[in-house]
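Two complexes come next, and they have one chain in common, chain A, joined by chain B in the first and chain C in the second.
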Partner chain A sequence: MARQARLTPLSLMGVAIAALLTFPLAYVTYSAFTGDLSQASNLWNTRLPELLTNTISLALGVSLATLTLGISTAWIITRYQFWGRAFWDWGFVLPLAIPSFVLAYVYTYLLDRAGPVEHIWQWLTNSDVHIPSPYSFTGALVVMTLNTFPYVYLLARAAFQNFNLSFEEAAQATGATRWETFWRVSLPLIRPALVASMFLVVLYVVSDFGAVSLLRFQTFTYAIYQQITGRFDYQSAALLSLLLVSFALVFLFAERWFRKQSRFYQTSGRVRTATPKPCSIIRGLTINLFFMMIFMAAFGLPVFLLIQWTIAAWANGEVGTSFGTYIGNSVFLSAAAATAALALGTPLAYLASRIPSKLHVACLQGAYIGYVLPGPVAALALLMLFTDMIPILYGTVFVLILAYLIHYLPAGLQAMESALQQVHPNLEEAARNLGAKGIRTFMQVTFPLVRKGFFAAWLLMFLLCMKELPATLLLRPIGFDTLAVRIWLEASEELYQLAAPPALLIVILTIPAVFLLSKKNWQAG
Partner chain B sequence: MPYLSILLAFVAFCFGSMKVQELFAAESVVVYSGRAERLIKPVLDHFQKTTGTTVQLLTAGSTELVNRLRAEKTRTPADVFITNEAGALELARSLHLLQPITLPEVATTIPKPFRAPDNSWIGLSGRMWIIVYNTKMVDPSTIHSLLDMATPTWKGKLAIPTANSEYLQAGASMILAAKGKQISNEFLQGIRDNAGNEVYGKNRQIVDAVAKGKVEVGIVNHYYIFRHLANDPKAPIAPLITDQDEGGMGAIMNVAGVGLTAHAKHLTAANQLITFLMSPTGQEMFAHLNKEYPVNPKVKTAPELPPASSFRPSSIPLTRLAELRDPIIQEIQRLGLR
Partner chain C sequence: MSLQSPLTDPDPQTPMLELDHITCGYQPDVAAVRNLSLCLQPGSILCLLGPSGCGKTTTLRAIAGFEKVSAGEIRLQGQILASASVHLPPEQRRVGMVFQEYPLFPHMAVADNVAFGLYHWKPADRQSRVQALLELVGLKSLEHRFPHELSGGQQQRVAIARALAPKPLMLLLDEPFSNLDPEMTVKMRKELYRVLRQTQTTAILVTHDHEEAFAMADHVAVMQDGVLVQCDTPEAIYQQPSCSFVAEFIGQANTIPGVIHNGHIETEIGTFPNESTFQSNSRVLVMIRPNDIQFTPSESGSGRIESRQFQGSQTLYAIRLQSGQLIHCCMLPIPVYNIEISVNVHVTTSHTILFPQPALSEE
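Right, the complex of A and B next:
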């Protein structure tokens, strides 16, 4: 039964939420086109080709690298039984606990001129050769890849775990080699998961400030950052942001289209999933060695350094005592924002998946824009809007929570949508035919079925909010510091050892969320 | 609905925590600071303890704070704006975000080159951009000017900061103001060629490279040298203050300072704080926390620093930093410094 798209109260609510979420974008658009455009056109002529090339090549490079790392680790873990597997199973999610600017900071320390890696290299080769600078494409590629491959790992692992083995067997029965089977059957079948993870990775790469600004790699976001911190040029920043948003929109539509093409419900009947095969000791060792290298680079080594610096700061008596407050502030803000995002995201995701009218899909798409609208630009827009229009709320945590919500709801929305899509509409129809009202159907039928997916969305948003920096710096109430802000405050003036304790605390506090996230069997599309 | 009550409680909490202190703290002053919290908080704490006036501190990047002031316009909660460099203060002034400080002490304690023409901001402590040299490898008497660092003698022996260092930008601006475009460009090209690969993101690393003898000389903010010496007193490094000859441009100095915001809500308390910062105790605390030079010549410098009377800083007014900032950044980029 196809239902007409009518303007129900729920749709109106969806429209209102979408309007709230796209409010900053409207303001940014307004700022971009008012006033003198000469500076902007200068920027357009001189910088644009470089920025475009750098941004696109970084997005492509990180995509390829994270796909390689994510798929290979996920495949090995779901298919082989070896010593240490239980640890790696969730260990690869741990890098998500490290904020990108902390990872970038650690890597600039490690790879910088006269840094430890260069020392070791020169000692080993007994030469005076310099290693490649971290302030480059390579540096940005390495940091971004290590920071985001867990997304691919998580989604690919879930897909491989739910994978129906019969398809592979059919391929092999008709004479395909294992390699051919992998490329032509296994990979295409987990395509929805890969696309969903690429969505997270690419949008993260093009919108993240932490890594590119520390590594001074000239991407769109870094140029935007320079425009508003170095040159006080909000208009150019706004224009560049709009370009970034349109770039992301193209990507969004492509992803939507792709998802429509490849939507499939689980076929009924018997599903045989893969059981991990035992493997030889040599192979087990090789796997462990390979995994250890990735893990050390993405998590082990950075955390080891953070611990070492924390101890050094502690020994010097330089660790402050008010960490309780910062922890409380960070957790409070992130939990509030994640909860609010869940509440506002539910109508959007529900409407778009159940009554996919143009209006509903547009509302959902609108919500996704917040993910790419650069943090500092959106934050400054909110600041101006609130001081002008609702000054009573300005300087309260509301504005900050709204900023988080706008920026990170899309990350959770992805998981919420997937969860809703897997609940077959028949179930809801049945409840309604039995006389249950809309809200009751949702609370008693739909919600219990999507609970796990929604919880995962909440965790992901909580995690991202814990690590947020640019909006927090700009919008936090006076005297209200979070852990991320403490890292920034201590790292300025090169007091890097003092930045380690709050960084370590963020990692420790987000590990439980990361752990839960890894336990959840993520379903995509 | 339980959800609704939770939401209401949450709303109440947000208001409660944020607005109440504002309403009841009558004697308070709100400070926006671009100076590292560790270098300013002890001074403000001391002020709070001795006067009973509550200080509310918000630390962020200097430029971000100028943006914030600009966006907040008349509604800004900030009374006082503290930064690490005169450029940002002057920029805030040129955007009409500051108002003149009318305290009589300004004229008597702060020398003219270190404050705004209308006293909208005043410098508090000086940081010098100077040469650090390896005492085992360099005879300091051979160096007279910072400009010498650009001569071929130092090829492969010099370490410099990266192009986006605000100290490099400010230093080059001062040379541009004192000597003109040709000489400042020759300087930038010279240090670019001499440094080659020895370009560092952190002052600390430059001092480290000099101490280890990887390079013979480097250009840094002076306090990094003393920070290194405090950790490792035997390190073979020393500061070198140049350009002291008759008619020379003088040592390059930038100041950390304070401005009074145009829409300050707590004028009395703000003036009280500024008075304290100008006072000998205030200046001494402010400067010594980071081993900088108090701007007031009558206040003692930290004992490990060369005495302030032993050198002459550049006489170029710091207000020029703001106007030269954009041209110099463009020049630095054009010349391809890394």
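Right, the complex of A and C next:
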């Protein structure tokens, strides 16, 4: 039922929040085009070709590699019954618990000249051949692929699980072999899931800063960071940021569009789904070997090394009292940002779900701006805004918390929205009808019912903030280091042992969030 | 606390509820409810009857305060609840509502659901009020259960008890039986009727089922496309429908074109005395219920049996007349007449209802 929008105090609050969240990007846009635009053409001639080539080729390469890994693992797990299947079923979600910069730093050690992998390779081939350096396209490709293939795995697994087996049977009845059936029927039918996972992966790759900066691979995010810290050239950084934001926006809209298109693919009525088939011992062993290699590369080996280094650092007395300070800083910042995000997100999500007027929906959409603001861009936006307008606040934790808030609110907002949507408006109307005012209705009826979902949202945002790197590097008060910052600083100096304790702590803390993520409904469309 | 008056005692002299030319919606032409007036005396039960989308639920929600009124006035015991400029929030209206899906608070036990509206009461009063209401709806033993542990019928009883608990002046019920299976519907209908009468509750019940309306209501208000077309006792609605829409909506009715000549109505199936005020030569529609039409098989009959539907105690036949007009008639189940045979149709009543024949459109 269409309702007339009224400007209630709550609506005004929603507008104010949306304005707060979107203003920084608007300010960057404004500043990018004011002043000397000769910078722009300079930038175009010097840096842009390399940045574009690197960013796009990395996105494409990672897409292809993650598709291969994700589809093959998801297919095997949904179709075959073998020893160890239950473990792999959730084991492939674990790599998401490792922040990209932690994986990158482990791989700079593994793939380095005269590192362990090269040793093994030279011993195996009995030659002096060097393997590709980690500080290259290959290094970035390997790290980003291992870091993001679980997204493809999750989406493809959900699609295969809900796949209507009758389509495959119909194909085989016409004489198609199993291989042909897979390529011509099964894969095309889960295309929506694959496309959705590609958008996730590409958005992740182009916004990542941690991995590419440690691997010194020049992409947009890294270049923006260098413009800010190395040359103090905010205008060039702003121009590069706008390019990156537009790229992300195009992707976001393309994803929305494709999701609408893909509705046609969904089958209605009764669906007969596949049950995993038992397979021979040999095949079972082969599968386990294949899975073990992927798992070790993406999670097992890095975590093993982190534990080993942590023990060594501990034994050398390198884990001092300052470690406790870093934990305290990280927890304080993340808790403050997650709490603030919950407080600001609630009115937006509530208004959009209960009185979905154009204004309220627009406010909610505005809050999703963080999706297209990679960390360095969000940091740049606040940096320019506060140095120009409220310099007294610049360099305080307030600016940093605001950056976290803008950047990670979308992740929490999704969980909050779906929690609110599960509470039927009838329940609130019944409460009003029984004499309860708006606030009592929210506290006694709505909130108890969304509490779990809201807690999950808080936890998710908290853990994402714990891993945040680029905005923290750029905006933190002097001497105010977090766990993520310490990892990055030590890893940049190749001080592997010193970086390990905070890295291990973050990985352990992130595992619950990963399980939250894996329980989510990953069906595309 | 006496159960005989679990509600706030109304002033019997003042109408309980008056809808005074209300319109809901902002564009007058497509408003969900247009210019609707109703008056309800204390203790009576009114059914709002109509097909889906006719505006009956919107009317109910406007009374409860969930929809705004763009024109007209809603008064409860003389107090203005809503008008173009006034909108009393739902929580201040003292109008109880039982929603279609009876949204029971899933995180509260039965007793807490019923007690929700008694927030400002003293704990002892609240306790005894909840007990009295659970007894009224026969759920005393289930007070510690949670909504998901109840059957559909039990959930509805809780919803009714919860709505009555804060002593509203009157009760609104939105399609209360639509979520129940047919057997349970009949049982709950009786149960609800007993509760409403026992507590002398003034109530408005929205439904699209005329049998439900006839069984429950003192008055039935029939709505069509946002407009009230007739409001009367169930008997009057059935016997003297104000238009062909009402006639057809509340049960099977034949409407046959006819012309008035010399004090008689001439139709394809016979001539009837004109008891109406229609002028001579005017074209009318004659409504005749299927029970008032019989037929006899005849080789030279003017009608032909097109279909037959056995209904247990009677059989409904559809007969195509020579003009192409289709009429329905009810016959005893025995003997059985075959489809396609020719029949002569005769009307067994002299009492007819006439409606003006709508002008033929120029298209």
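Convention: the second predicted complex is superposed on the first by the 338 of 525 C-alpha atoms of A that agree within 3 Å, B and C clash if a C-alpha of one lies under 4 Å from a C-alpha of the other, contacts with A are read in each partner's own complex, and residues count from 1 in each chain.
Rule of thumb we're sticking to: contacts are C-beta pairs under 8 Å (C-beta built on N, C-alpha and C of every residue); 3 or more make two chains touch, one makes a residue touch a chain.
Just so you know, these numbers come straight off a predicted model, no measurement behind them.
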item: Contacts of A:E429 with chain B and chain C, given as first, second, both or neither; value: second
item: Chain A residues touched - chain C or chain B, whichever exceeds; value: B
item: Partner chain in contact with A:L380 - chain B first, chain C second, else both or neither; value: first
item: Partner chain in contact with A:V445 - chain B first, chain C second, else both or neither; value: second
item: Which of chain B and chain C A:K437 touches, first, second, both or neither; value: second
item: Touching partner for A:T396 - first (chain B), second (chain C), both, neither; value: first
item: Contacts of A:W179 with chain B and chain C, given as first, second, both or neither; value: neither
item: Contacts on chain A seen with chain B and repeated with chain C across the two complexes; value: none
item: Residues of chain A touching chain B in the complex; value: 108, 112-114, 130, 135, 216, 228-232, 234, 336, 376, 380, 383-384, 387, 391, 394-398, 473-474, 476-480, 489-490, 492-495, 498
item: Partner chain C, residues of chain A touching it in the complex; value: 1, 4, 424, 426-427, 429-437, 440, 444-445, 448-449
item: Complex interface listing, chain C residues touching chain A; value: 26, 64-68, 89-92, 94-97, 99-101, 103, 105-107, 116-117, 119, 162-163, 165-166
item: Parts of chain B lying in touch with chain A, wherever the complex brings them together; value: 10, 14-15, 17-19, 22, 30, 36-39, 56-61, 63-64, 66-68, 70-73, 75, 77, 91, 162, 164, 197-205, 208-209, 212, 214, 224, 290, 326, 329
